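Paired with chain B in one complex and with chain C in the other, chain A is shared by the two complexes that follow.
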Partner chain A sequence: MANSETPLLDELEKGKWPSFVKDLKQAAGKNPMARDLIHQLELSYKDRIGHWKHGGIVGVKGYGSGVIGRYSDRPDLFPNVQAFHTMRVNHPTGWFYKTDTLRKLCDIWDKHGSGLTNMHGSTGDAILLGTTTDHLQSCYDDLSNAGFDLGGSGSALRTPSACVGPARCEWACIDSLDLCYNLTMTYQDQMHRPMFPYKFKIKISACANDCVAAIARSDLSVIGTWKDDIQVDQKEVLAYASSINIQKEVCDLCPTRCMEWNGKELKIYDEDCTRCMHCINLMPKALRPGKERGASILVGGKAPIVRGALLSWVIVPFIKLEPPYDELKNLIERIQDWWDENAKSRERLGELIQRLGMRVFLKAVDLPAVPQMVKAPRTNPYVFFWPEDLKKEVK
Partner chain B sequence: MPQIELAGKIYEVDEDGFLQELDKWNEEFAQAYAHTEDIEGPLTEEHWKIINYLRDYFAKFGIAPMVRKVCKDNGIDMKKLYELFPTGPAKGACKLAGLSKPTGCV
Partner chain C sequence: MAARTDIGPPNYKTMLPPVIERNYGDWLYHEILKPGVLMHVSKSGETLYSVRAGSPRLISTDHIREICDIAEKYCDGYLRFTSRHNIEFLLDDKDRVEPLIAELKDRGYPVGGTGHSISNIVHTQGWVHCHTPATDASGPVKALMDEIYDHFVEAKLPAHVRIALACCLNMCGAVHCSDIAILGIHRTVPKTDNSRVPNVCEIPSTVASCPTGAIRGDMKNKTVTVNEEKCMYCGNCYTVCPAMPIADPDNDGISIWVGGKVSNARSAPMFSKLAIPFLPNNPPRWPEVVNAVKNIIEVYASHARKHERVGEWIERVGWERFFSLTGIPFTDQHIDDFDLATETFRTSAQFKWR
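Up next is the complex of A and B:
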C-alpha cells in the first residue's frame, strides 16, 4: 500500500460507522480549503496541539455575533486555511428542512466557503465551516436573500432550540416548536448583539424524555409536563402483560415506586409521580400524559468549561404555556436582569446561583420556594429563611 | 504581521485589523480607519465619547469593559451603540480605540 499522507487520521476511517475523515477526504477532492484542513488536522494530531490561533473577531454589518473568526497558526504550510471562519445559521425550529432548502444552503456555502458543514452544532445551528474575511458580507447577503439568518455566538443569547414536539411526537405536552420560534423572534436583539456576561441558552423539550438534552445543556430549560393524572387504559395494560414484565420493568423501575400491579390492574399513586415518562415510554398504548398540560421551568444547566458540569434544576414546577407566552418571557427577563447585573465576566447563570445562593436568586426573581422545587427528588426542597422571617416566628 | 497605511503612517495590525503597538494610537488613526468599520464621514462627538471611554477603561483595567457597562456608563442603549458602530462594540469600537483584540468565546 502506498504511504498515506495522513496515517493518524486514517485510523478514524476504520470501522463500520460514519467517519468525518471520509467526508473531509471527499470534500478535499473539490475544495483546496478542505484539503489544507485535513493536513493541518493531521499535524495537530501529530503535534498533539491544535493549530488554530486563539480567537478572532470578524463579523457582518449590524451583527455582533453569528460569525466566529478562525486563523491557522501555520499559514506557511496551509495557506488555504489561513483564514477559516465559521458562520452559524439559525436552524429551522425542530430541524425541518425541505430538500431544496438544504440544497440552497449548500450551494451558497460552496460559492463562499469550504463547502463543509456541521449539521448541526450543539447549540442547534447549521454550522458552515471555513470561509475568508472578504467573503463574509457577501455570504451573509446571499443567505439573507434566501431567507436565512445568523444564529447567536459569543456572550449572547444562543439560538433557542426545541425537540420536534407535536410535529412528530405523541408525547408532546406543549407546542415546543411554536414556543421556540416565538422566543427566537422576540429575542432577536439579544441573539445578534451580545450584551450578556456570557452565553445564555434556552432549550425546549415537550416532555421529560428531553430529546434536546435541555437539562444538561441549557441555562433555561423548558420541559413539557402535566398536572393531573396519567391517563390509563387498563385493557391495554393487560395486553402489555403478555409481552413485558410489568412488575419488573415498569413498577420496579419507577423512580418514586408509585405504581402497583396485581396482575390484572395497574394502580398509579399520581400524587407521588414525578412525571418522568418511564412508564409511558414502556407502555405507550396503555398510558398517556395527563390532560392538564404545561411545562416545568429549570435553570442553571451547563457543560463544563471553567467549572464543572451542572444539570439544571426546577424553579417553576408548572406553568401553562400558551401564546404569547408573556408569563414565561417575563420570568426569563427577570432572570437575565439579575444575572446580567451580578455575574462576573464569563460566569454562567448556574455558577452565579451557586456563588450567591439559591435563596438570593429566588428572592431577586420573585419566586416563592415551593416543595416541588427539588434538586434530588423529594429530598431537598428549596425552603430558605431570611433573618426577618425567623424573627417573625419567635413572636 | 500585516501592515496598513492610514493618513500617511504605517501601522502593524493583526489579521483582524487590531492595532498591535498600542502606544502608536492617535486620533488620526481612528478617523482614517473608521470607514473600514462602516462609519461614513468624520467621527462625531458621540463616537469620540465611546472611544475615549474605552481607552480610559482599558488603561485602568487592562481589559475591554463588558458591553452592558459601556452602555450604562455612557447612558446609551445597544441600538444606539450599533448605530454609532455598525460592526459592533467588540469589532468596531475597540478596533478604532486601538485596544488589543477582545478574546471572544466561540
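Up next is the complex of A and C:
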C-alpha cells in the first residue's frame, strides 16, 4: 500500500470526537477543490503556518458583502484552490431547519463549491467554504431562487443572531426570534452594502443567561429581563427541596442575598433582586421571570482589535419590546448615525464612546443618564459641564 | 430566473416543528433527563424532547445529508443547531428518543453537552481557511475534545465549562469571555516587504491601524517602518496592508486564558484572564496545549464548589492559589501593560501564601 499523502491529518481521524478530517476526505472523494484543500492543510501542519493569501475583493451583483475572497499562496502546488472564496449564507433565525431546506443548500453547494461548510460560523451564518470566482454569481442566483440570502461582512451590519427564545425556552422575556428576524429584514441594505466605519453586530438573548454571548461580542446587545417580582410557586419550591439544598445552592449563592428559606417557604425580597437568573435556573418549575417583561439595551461590546476587548455597557435599563419595535429601531438608527458621523475608519462603537465619552454619546442619542448605567460614579474630579449649565459672566 | 436581492433568510417560522408552533411562548419548565437530552413541558401539557449531539463544525454536504436522514427518521425532518455548533434533534414522541440516541451512538455522534458538562468548543477557521491565523483551529479542538470527551457525554463538573478557541487576536467568535480560552498569538513583528508596500498598501491607513503607534510612514521610500519596541504583534496592520505578513512558524503559538463568562447568573459577565502566555504549535495533536487545558479542568473539578464557574472559583480562592494549585508559573507577562493596566494591580495588603 502506498504511503498516505496526509500522515499528519490522518492522525486526527483517530479518537472519539467527530473528526473534521473525515469530512474533508469525504468531500475530497467527490471534489478536486476539497482534494487540494486537504493537501494544502497537510502542508500547513508540516510548516506550522497558514497558506492563504490576503483576501481580494470579490462579490455578487448589487452586494458589497457576503463573500470573502480567499486565494492560496501555493497555487503552483494546489491549483484547484487558487481561488477558494467563502459565501456567508444568512441562517434561519435560531438556527432552526427543516431537512428539505438543508438538502437544497447541500445540492447548491455541491453544484458550485467544495462541498465543505461550517454549520455555523461564529457570527451565525451558514458558511459555504470555498468556490471559484466564476461560480459566485451563479451560486448566489441558485441560493436566492431557493429562498436563501447572504449575510453581512466587512464594514456592514453583520448578520444579527438570537437565542432559541420562546420557541423552546421558558425563560424568554422577549421574542428574541421575531425581533431578530424583524431587524434582519428591516436592515437588509445595511447588511449587504457596507456603509459604516467598521462592522456593527446586533445580538439578542431573551434572558440574562445570554446564550448568544451578546454582551461579550455585539455592538448592540439586547438582553431580555423583567421589572416586577419573580413568580413563585411555593408548592414546587418545596418539591425541589428533595433534590437540591435550597439554602446552600439557591439562597447562599444569590448575589444580592435577597432570599430566605425556612424549610417550607421561599421569601424573596424582590427590591434587592438584580434578576441574575441563578435561582430560576436551578428551580425552573418553581420560579419564573416576572410578568412585566422587556429588555435591557447595552452597547459597545467587541473583541480586542483595535484598542482592546470591551463588554457592552447599559444604556437603556428597561424597554418594552413589541412589534413593530419602532422605539428600538429609532434608537439603533440614532446610534448608528452618531457613530457613522464621528468614528474613524475601523473604529467600533465602543471605542468611539471611549474616545469621545459616554456623556457626549448620551447627549447625541438623547438618552438620560441613570444610575443603572454605572458600577459606581466617577472617582476623579475632572468633571465637564455643558455651557448651558454655567452662569453667564455678568459685567 | 433573475435572482432577487435582499430577500433575507428563510423565515424561521417555516422551520419550526409543529409542537413548537403550537406551544410557542408557552413553555413552563424543562428537565435534563440525562446528558444530552432536554425535556421541555408546555402549559398545554405537550412535551418537546431535544437530543443534543456534538459536531466538528467543519462538515461536508454528505455529513449534513446524514444528519437530515437521521432527523427525517426520528424527528419528521426538524432539527436545529446551537450557538456552540451542536446539532439538536427535536421531537415530541418520547418513544423515539432512545432509538434516536442508539442510532446516533452507532454512527459515532457523541450525545451530551448539557448541564454541568463541557459543551462543544466554539472555534474559528485556522489554517483551513484564514489568512491571519497564528495556529490551526479545527486541529487543536479535535485533539482536545478527544481527550475531554467524557466531560461532553457526562455532566459531572461543578458547573458548565465553556471552552473556545480563536486562531488570532481578531477573535472571530469572541473567545475572550470563556471559562477557558485558547488563543493563537504571534510574538514577532511583521516583516515589511518594502518592494510591495508602495503597490498594495495605503500608507496613512496602515499607520492608523496600529493601536500602539508603532508604525511610521516613510514617505521618501513610499513604505512604512515598525518600531519593534512598541509593536505588540496584534497583526492589525497586516489586515490593512498585505505586504506586512506577521506569521512566524517558530514563534507563533497558543496562549491560555481562564475565568471568563457571558452569563449574568450569580456574578456579572467577565473577561478571561491570562493563565499561560505561550505554548508551541505542535501539530497534529498539540500535546502541550491539550495537557495544559486538561490540568486546569482537573484542578478546577477537584477544588470548585457546586455551581461555581471557573472564574467564580478563582475569585473565591484568589489568583495566587490558582497558580499554586495548577502549578502554572507566574511570569511578568501575566502583569498587564496596556491601557487600564493599573486597574489590575493589587492595592491592598490582603493576599494569600497558601
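As a working rule, the second predicted complex is superposed on the first by the 362 of 395 C-alpha atoms of A that agree within 3 Å, B and C clash if a C-alpha of one lies under 4 Å from a C-alpha of the other, contacts with A are read in each partner's own complex, and residues count from 1 in each chain.
By definition in this document, a contact is a pair of C-beta atoms (placed from the backbone, for glycine too) under 8 Å apart; a residue touches a chain by one contact, two chains touch by 3 or more.
A quick note: this is a predicted structure, and the numbers were derived from the prediction, not measured.
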Most chain A residues touched (candidates chain B, chain C): C
Which superposed partner A:97 touches (first chain B, second chain C, both, neither): second
First (chain B), second (chain C), both or neither touched by A:317: neither
Which of chain B and chain C A:224 touches, first, second, both or neither: neither
Contacts of A:350 with chain B and chain C, given as first, second, both or neither: neither
Partner chain(s) touched by A:169 [first = chain B, second = chain C, both, neither]: second
Partner chain in contact with A:153 - chain B first, chain C second, else both or neither: first
Touching partner for A:189 - first (chain B), second (chain C), both, neither: both
First (chain B), second (chain C), both or neither touched by A:66: neither
Partner chain(s) touched by A:300 [first = chain B, second = chain C, both, neither]: neither
Interface residues of chain A shared between complexes with chain B and chain C: 54-55, 61-63, 86, 189, 345-346
Residues of chain B defined as touching chain A within the complex: 15-16, 18, 38, 66-68, 71, 78-79, 82, 86-91, 95, 101-106
Residues of chain A touching chain B in the complex: 54-59, 61-64, 68-69, 71, 82-83, 86, 133, 153-155, 189, 193-199, 340, 345-346
Of all residues in chain A, those that touch chain C in their complex: 8-9, 11-12, 14-21, 23-24, 26-27, 30, 34, 37, 41, 44-45, 47-55, 61-63, 70, 84, 86, 89-103, 105-106, 109-110, 115-124, 129-130, 140-141, 143-145, 147-149, 161, 163-164, 166-170, 172, 175, 177, 181, 184-185, 188-189, 192, 208-213, 215-217, 223, 249, 253-255, 275-278, 281-282, 284-285, 301-309, 311, 344-346
Complex interface listing, chain C residues touching chain A: 1-12, 14-16, 20, 24-25, 27-30, 40, 48, 50, 54-65, 67-68, 71-72, 77-83, 85, 87, 108-110, 122, 124-133, 136, 138-139, 142-143, 145-146, 149, 152, 166, 169-174, 176-177, 205, 208-209, 211, 234, 236, 238-240, 242, 247-250, 252, 260, 262-267, 269-271, 281, 283-285, 306-307, 338-340
